[in-house]
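One structure is given below, represented as structure tokens, and several questions about it will come after.
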Amino acid sequence: MIDESYNAVKSDFITALRIIYREGLSDAFAHLSARSNDGNEMMFMPRKSPALVQRDELFFVDLDRPVPQSALHQAIYKTRADVKAVFHFHSPAVVLLSVVGQSIRPMHNYSAIFYQGVPLYTGTGQVESPARAGEMAKLLGDAKALMLRGHGAVVVGQSIREVCMLALFLEESARLLTEAMRIGTPMFMERDEAEKISKRTFKPTSVERAWEHFAAKCTE
Amino acid sequence: MIDESYNAVKSDFITALRIIYREGLSDAFAHLSARSNDGNEMMFMPRKSPALVQRDELFFVDLDRPVPQSALHQAIYKTRADVKAVFHFHSPAVVLLSVVGQSIRPMHNYSAIFYQGVPLYTGTGQVESPARAGEMAKLLGDAKALMLRGHGAVVVGQSIREVCMLALFLEESARLLTEAMRIGTPMFMERDEAEKISKRTFKPTSVERAWEHFAAKCTE
Amino acid sequence: MIDESYNAVKSDFITALRIIYREGLSDAFAHLSARSNDGNEMMFMPRKSPALVQRDELFFVDLDRPVPQSALHQAIYKTRADVKAVFHFHSPAVVLLSVVGQSIRPMHNYSAIFYQGVPLYTGTGQVESPARAGEMAKLLGDAKALMLRGHGAVVVGQSIREVCMLALFLEESARLLTEAMRIGTPMFMERDEAEKISKRTFKPTSVERAWEHFAAKCTE
Amino acid sequence: MIDESYNAVKSDFITALRIIYREGLSDAFAHLSARSNDGNEMMFMPRKSPALVQRDELFFVDLDRPVPQSALHQAIYKTRADVKAVFHFHSPAVVLLSVVGQSIRPMHNYSAIFYQGVPLYTGTGQVESPARAGEMAKLLGDAKALMLRGHGAVVVGQSIREVCMLALFLEESARLLTEAMRIGTPMFMERDEAEKISKRTFKPTSVERAWEHFAAKCTE
């Protein structure tokens, strides 16, 4: 199933893992996936650090066969036909915000991108089972991101590049909110203001600009 | 319009972008400009990361022709005849301070440089239009810096080197204030004390010393 | 006593010291030890920075002969027959948590690993004497870690790799808790929830995955 | 006056500047000095970044002749016959602690070293004049360090290596205290406990161990 037509996807897959590592969003544990062209499978990675996974270790798995760490990814692809890539990670500010029972709210350019809201799954522990993964996918709804208490987050999007940037922006938004909560009452935006900003700033050209920036840092 | 007489300006332009990136004041998004010798145009940069823009990509634009991201720069050059360079960026502590509705006040050597005050534009969103850019330029008044809620800041000065240092000092001042607000009641300075310190410490020789330091770090 | 059968242990010993340094858990002061195969001695390091100790400087010492910094290690090996490696270090968040009289409680995947609790020794000062080391070993009980007020922590485990990861996870857990205490009331886990998560996530394969990740960073 | 007998001192002088820069205690501004062998002069540095000053730029100045930034150093050498080296710097946590009107108190191994207390000079602004430098030297008394509100600190000791380590330990102590103030009531030590710890841990051998560690980092 992995043939030449996936060369560019595989390159983006590895680069996204390196960006996430380099920007401090993962240590040895984080999992990325990308939907196959026919829609029925996903490209996935072995149980290795995002800093170390190699291109030829990527593999395809269909949306029903369980492999380690696959359940949440599969549940989302089945629930959300629009989603082409999924990233699950455990970044510091996201975990921090989750353990005080809060979630992202729009305050600045990056947090505005999540104007649909970011649901917080308040159960503890791992994904553990396809049934639990299904609950989480349901809670995600039509949002771009879901937070998991004491665990991390998942972001979904149209491409590996988009989910990679959404992961960075979610962590940055969580960092800003946790900092702001310490020193005063943050000035949040209304949903319509946030949506308007998102539509001006979160465009394919800006995703490309940001991707080019972070990918270049990985080769410094 | 870009000829040999701009060689030194172009070098400083690129170095300033690298400093801002290296010091953590920008990711892929920040825009610098410098007024042309005849005063009627500005040297500007394409829509690329400050870490990646190349010298031969710089271009001149007059103060009325709209190009992407140019409106705020143009509005300031038209309002402030004394200004030779403008830097617009979205650094973490500046954004943080802005979303709790506060601005810089003099507390230490660097914040004293902003003794004229740093107005905070409390509207949300992007610059969006020349009219809005004009409002922002008006709010800047005769100050050295303006903060934009949930967005970032703009600093103005006599040279690229000066605005680059002002950007670093503004972020450092915002960081100090947000930290101090968490642990007690900061001891602010009176305006005249701050002005006196600024006149002793923020001189061309100290801008040169700081520039030499930060420029050297970029080539490490 | 150091012969070829210890080649792998010596390699892990040096790598663990480099990881601890590289991840910011030590400056010049931290001490690792590993129990000998016959159980009656421990491999130890000279009084040098973890960043600088060399493989051929490692030595064995029996569990009664005092050498600098050895008392706490020896007391633990004598009290805890199950322990094969001990790490004593002074990482920033652990010290911070200790000076406000708090200790780790399970909140997320990593802190759940310490579901047995992490006792806090509230006396001030150094280990100083075998008698004091004995008190500390007694307070450790059957836990994986002990915190020392204004001083640091000690972690114990089945191998050098395991104690190295426990040190990283303890510091990360302390960092998360100190951050969470600033912004709200953390949602802790019950002990049985934490134990369940620990048993799912803190397995030899995940220790290996994490070790591979952090060891690779040291050679970047 | 600079002859071969100062070769080792000059090497330590430059290494100390690089350490201070590398550890984040200075940007372009910080000044070190060392008393001459006959006691009547001090080795000093030009107005350049600690990251950039070169060995052959060091010079001697007597204790009465004013050169830029020399007044505080000279006043201390005249007041404190025991002092062989002085370091003046503007590190982030020290500045932060100073602007909320607090100073270091013993809480952990490093802060215990400052058991004599660290006076805080609450006037604003620069040293400005020999008279003001004299006031500051008087306030220092027999302590190891003095903090200057909104400005920085000065540390004094028996050698360049000792003041370099004291600078690192002062900043680390300030960082710990500012963090602890945010999350609870720090458990301070009594002066006699702190003095006892200091006498056990802050010895020439431990200064050497720490110096070796930090000096090695500068050549990585």
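Worth a mention:
Which chain is which? They are A, B, C and D, in the order written, and residues in each are numbered from 1.
Methods note: a contact is a pair of C-beta atoms (placed from the backbone, for glycine too) under 8 Å apart; a residue touches a chain by one contact, two chains touch by 3 or more.
What you see is a predicted model, and the numbers here were worked out from it, not measured in a lab.
Touch-path distance (fewest steps) from chain B to chain C is 2. Under half of the residue numbers at the chain A-chain B interface are used by both copies of the sequence. A turn of 90° superposes the CA atoms of chain B on those of chain D, with the angle given to the nearest 5. Averaged C-alpha coordinates give centres for chain A and chain C that are 32 Å from one another. Averaged Cα coordinates give chain A a centre that lies 46 Å from the centre of chain D.
Shared interface positions of chain B, defined as residues touching 2 or more other chains, are 182. With chains as nodes and touching pairs as edges, the resulting graph is a single ring in which every chain has exactly two contacts. Of all possible chain pairs, the ones that touch are A-B, A-C, B-D, C-D.
Chain D makes touch with chain B in their complex at residues 27-29, 47-49, 51-52, 90, 92, 95-96, 99-102, 122, 124-126, 128, 149-151, 178, 181-182.
Contact residues on chain C toward chain A in their complex (touch as defined above): 107-109, 112, 175-176, 179-180, 182-187, 189, 193, 196-197, 200-201, 205-206, 209-210, 212-214, 216-217.
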